[in-house]
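A short write-up of the structure that comes next.
Order as written gives the chain letters A, B, C and D; numbering starts at 1 within each chain.
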Amino acid sequence: MNKHHLLLRGFSSLSSSLCRRSGPPHLPARPLFPPSRATVLNFFSPHHHHHHHQSYHSPPSPYPLPTAKMSTSTTTTSPANLIEQSKRLAAFQSVTSHLVPFPNYTRIGIGSGSTVIYVVEAISSLLLPSTLSAMTFYPTGAQSEQLIEAAGLNLQYINKLPPGALLDVCFDGADEVDPALNLIKGGGACLWQEKIVVTSSKKFVCVADFRKISKGLGTSWTKGIPIEVLPLAANRVLGELKRMGSLEPRVRPGLPGKAGAVVTDNGMWIIDAPFKPLRVHGESDREGGEWQVDELAEELIRIPGVAEIGLFYGRDGVQQPEGGAQKPVEAYFGMEDGSVKVLSA
Amino acid sequence: MNKHHLLLRGFSSLSSSLCRRSGPPHLPARPLFPPSRATVLNFFSPHHHHHHHQSYHSPPSPYPLPTAKMSTSTTTTSPANLIEQSKRLAAFQSVTSHLVPFPNYTRIGIGSGSTVIYVVEAISSLLLPSTLSAMTFYPTGAQSEQLIEAAGLNLQYINKLPPGALLDVCFDGADEVDPALNLIKGGGACLWQEKIVVTSSKKFVCVADFRKISKGLGTSWTKGIPIEVLPLAANRVLGELKRMGSLEPRVRPGLPGKAGAVVTDNGMWIIDAPFKPLRVHGESDREGGEWQVDELAEELIRIPGVAEIGLFYGRDGVQQPEGGAQKPVEAYFGMEDGSVKVLSA
Amino acid sequence: MNKHHLLLRGFSSLSSSLCRRSGPPHLPARPLFPPSRATVLNFFSPHHHHHHHQSYHSPPSPYPLPTAKMSTSTTTTSPANLIEQSKRLAAFQSVTSHLVPFPNYTRIGIGSGSTVIYVVEAISSLLLPSTLSAMTFYPTGAQSEQLIEAAGLNLQYINKLPPGALLDVCFDGADEVDPALNLIKGGGACLWQEKIVVTSSKKFVCVADFRKISKGLGTSWTKGIPIEVLPLAANRVLGELKRMGSLEPRVRPGLPGKAGAVVTDNGMWIIDAPFKPLRVHGESDREGGEWQVDELAEELIRIPGVAEIGLFYGRDGVQQPEGGAQKPVEAYFGMEDGSVKVLSA
Amino acid sequence: MNKHHLLLRGFSSLSSSLCRRSGPPHLPARPLFPPSRATVLNFFSPHHHHHHHQSYHSPPSPYPLPTAKMSTSTTTTSPANLIEQSKRLAAFQSVTSHLVPFPNYTRIGIGSGSTVIYVVEAISSLLLPSTLSAMTFYPTGAQSEQLIEAAGLNLQYINKLPPGALLDVCFDGADEVDPALNLIKGGGACLWQEKIVVTSSKKFVCVADFRKISKGLGTSWTKGIPIEVLPLAANRVLGELKRMGSLEPRVRPGLPGKAGAVVTDNGMWIIDAPFKPLRVHGESDREGGEWQVDELAEELIRIPGVAEIGLFYGRDGVQQPEGGAQKPVEAYFGMEDGSVKVLSA
């Protein structure tokens, strides 16, 4: 048994206690780790390339993936387990591609979501302790803060990032991802912090599960684009959204925990604004209420009273290396069949 | 058909549109209004006096209660309808006793809760338009603000009450009521505003349904006493609460609308602190973790980091006519059997 | 003595008591009102048209201006009095042009600043009580709320404006005004609310004194463009601002009343970002750090972490009658020599 | 030259750059450090014991105080320098007594104020690096956070203190100190955080200058007791304060940086409530508006709408070792004559 396995075993108990604290997915008790060889093979299998028409690739893995030993167990894996395994594999893949080869990275952003849990596990597993001790991790909110602390990683807050400095990479989830890697985020009402962490990064890597894959934003995430607004401007923004073609935008209610509106950690409200599925390319049909992502985003962000929007759009960190990009350079999805799908810019 | 019925009919449509907006109870489409004579008779029936050992009375009604015409329908009234009818009757009774006889009242507090909806209906129905036009209504939060506006009543905010002035009466709900009229409030995370409105009133009248009646606070409302805290003091307060015997106090989560903690309209968090059912009288057994209401409240309110607590205790407006009292002078409950129970100080 | 004089006399005492409350300018005890005919003549005098090269006009006044009786006193007026008189005259002119002719207006925005005090006086003086009683006034903040209440006008909050509705006109001040009517606002840290009220109006009328007139924003207001930011993004925004050429942008300190940063009514911080004086026309020299107003504004508003900016730019209510415009259609300035200067779009 | 001097020299440049950042006192460039032997002797001189009738002592110093070398310079020291030197000496004395002898302390609270700057310098100077590296420092706000970071000490936030845990000691300033070590704090609007940090400590040590010494709170600090309130309850609290005898309590204004009220870091307002100087002992004369400290504090803290008060009263950490005490166990003052006065519980 090598060092990695020892590390992983240590993390395993941490991870499960943490999940009890923050409540997200019910992880299979065992064999949580490592995923089966079968899964990995699937990922590299030819048919995988057929049933998706987006570009993806199998990133080079300088470090051995945690695979091997439990391949026999997959035949009896339940669908839920299969998905968890693929999410975990996606997380390991993303870290293998975007962090492991760069031990000189010092500042890493950590977002939220059920797949990001495995990102933190992967970071703890795949990097040497000496490398980890030179890295600092910046959370997007309370959940990722807990993840970072539970894994014993160095924590720092984004407000401490010196003016002009950038994170080297940020791993975060999404509520929906279109083929051009535009995102909807904000289901957890943390979109403003998330956008600040993401745009403070040289590159953003998205990790999620297959349910977030979409042909056009608004297809699978039908609750609406989350928009963080100043409470006294909520009516004004609702009026603008309707004028722009949003179908029944509404202030997100706080029940059952709170009567009235959800209040964000920034003291704002969230408006969920459903639109017809957004066009990835081309131009908007504004009369018909069919918007192209970038054009809609540019209109929304200018509405007075809007603090931030849940659309992550425009350019990615490759196209805009000086920082400020909103789109991920790659998105890793745990698939229903246990495989990993990678979407690249 | 007299003036009251016209008023009531007008309110009826208002009320239902309002309920669609703010979402609370699913009112029976009709015959919602007026309640049956049978129900009213029930209220005055002898057996009603037997199965409760608290004091109550039938307040004198200078105005005719909206009764009569639909008495035949009650025989087929469903249990849910019966409860709604008794809640509505409780609301009408409370207004008949505490507002109708005092047309010179000018400032009325309006709280929240499913029974308060009927209080606003009763106010609109039982008072003359000329009387209403001289009254101003002060909400405790967004829900009651909508109720006031939908009923076309004069709205004003509690921050506009001049220093030293008092509301004449305040009608509000509760999450639990003990025999001494101590209350738990804060299930909707609005306890701080509610306590300010209540303690700005010369008298407080509680309206609720039978599920809120309790022999000791913490018996039926088992989620814990809601405590509004400064977020950075949450851990400190949790530690104090445990030391005082609270069983698993925890920060109220914001899901599904918000990841992390509920944030109140005041930018605070809510800690729900379960204690063993509180003693109404006598002294606390602090070692055993069995607290008397007043003693617990006095301890809780002093913890640094606590902004306000969801216990309404101490004295009522009769005992403390100069304002600042927290306990209601009376509590009106809609009962399961269609009757109204009144608890007096 | 006609009705107007009675109204004015009534307002006069109100106005001075109000000024004691909210503290701003020390008004000359008398003869504060009415301004002299000489002043008015000055406004229409030919030389007035010579020493400014911006376009302006003398708006038609269907109502007689309050002038006449004290023309003899002006010869002995102190410079400070002269300025107050010209500010007051500017306010009366703005109301005469933009409210008096439109008695069917129902929703009026009221901003803040020492000249706006006279706008409220003018509204109370020049409009019939029956007209006023049908109008509702929407403040941009605490100061204008007090002004509206002290004048006995109908008060309503901007969050109550129904979705899709607009104010008919809004009167507000500015910290600096360039020849194209671009503005800097935010010296009082209320820029977010002010922008929401202004852009909720069909037209915006600016009233100020001569010190606010500028050839390029940043010439007279040298403290920097006020930018309202999420506190945790302050460093990030500071870094972006420096990259864009801002000279020593900094978080506005709260002293003497508060250690650390000013916190706005929205829970945000203010960054004051000095730039070289902004170009009114043409293109930016980004390398040289010389920005054109619109181009700078469009860059600033997109920085994640920026809630709102103190630049009011782009189009005005004539160019964009459907609402949302930021620039005033006209600006009225009380001049040093007692005259009024009007800048039109 | 020994290690301490090297450390001190290192801190010296840090300290001055920090002061430029956070702006407080203009420190004399040199010879700031070390203070003269004359000063120290003064502290122990007999006349010092005569003109104060409070108890104080010269705490045992197991470590050599930084004295000696510059005694000749004191003859030419300006009064301002003399005060700075005595404040610095007071800080060194407090650290010598309450931190140096306890190298096993792990959690230290750091407050704000011009004397606390020297506390951080003393900590950096007097403790061994290996001891310091095992200590974590908890700030009360932005200023002390900068101090901790600039000194290269381990920073942690009070919200991270585990439930039930306590800081070992906290050093903080005060706006006024009475003979029983009751305090007024809150001039910088940070009183809520400060009270949480102080009451999370096993013992609290106050450091300040002679201007804070008072025979009764309200004697030298005449602006009023700072009270942090929920904005919508401000009028209500003002009314209560007047009823209790406060003379012209008022909401603290935010000018020049912000129109309207100061908003605290917690989203609250501050009311400054002047009372007649508070009695240290005995009972209140409520009719006459002369309050005893504890009795006033207990009344104030119960007013609904009051989040926290700027009175630190009751017991100290010796009397209440389980945590939660508000009063310091000792207060160290830099005196006008260059000496240090110590007040003990």
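Following the convention adopted for this analysis, a contact is a pair of C-beta atoms (placed from the backbone, for glycine too) under 8 Å apart; a residue touches a chain by one contact, two chains touch by 3 or more.
The chain list, named the UniProt way, goes like this: A, B, C, D = Ribose-5-phosphate isomerase.
Bear in mind that the values here come from a model prediction, so they are computed numbers and not experimental data.
Q: Through how few touching steps can chain A be joined to chain D?
A: 2
Q: Quick one: chain A and chain B, Cα centre-to-centre, how many Å?
A: Chain centroid spacing, chain A to chain B, equals 43 Å.
Q: What positions in chain B touch 2 or more of the other chains?
A: 267
Q: What pairs of chains are touching here?
A: A-B, A-C, B-D, C-D
Q: Which part of chain C faces chain D closely enough to touch in the complex?
A: My answer: residues 23, 112, 141-143, 188-190, 252-255, 257-265, 267, 270.
Q: Which of the residues in chain D come into contact with chain B in the complex?
A: 157-165, 192-193, 195-196, 199-200, 230-236, 238-240, 242-243, 266-267, 301-302, 304-305, 307-308, 324
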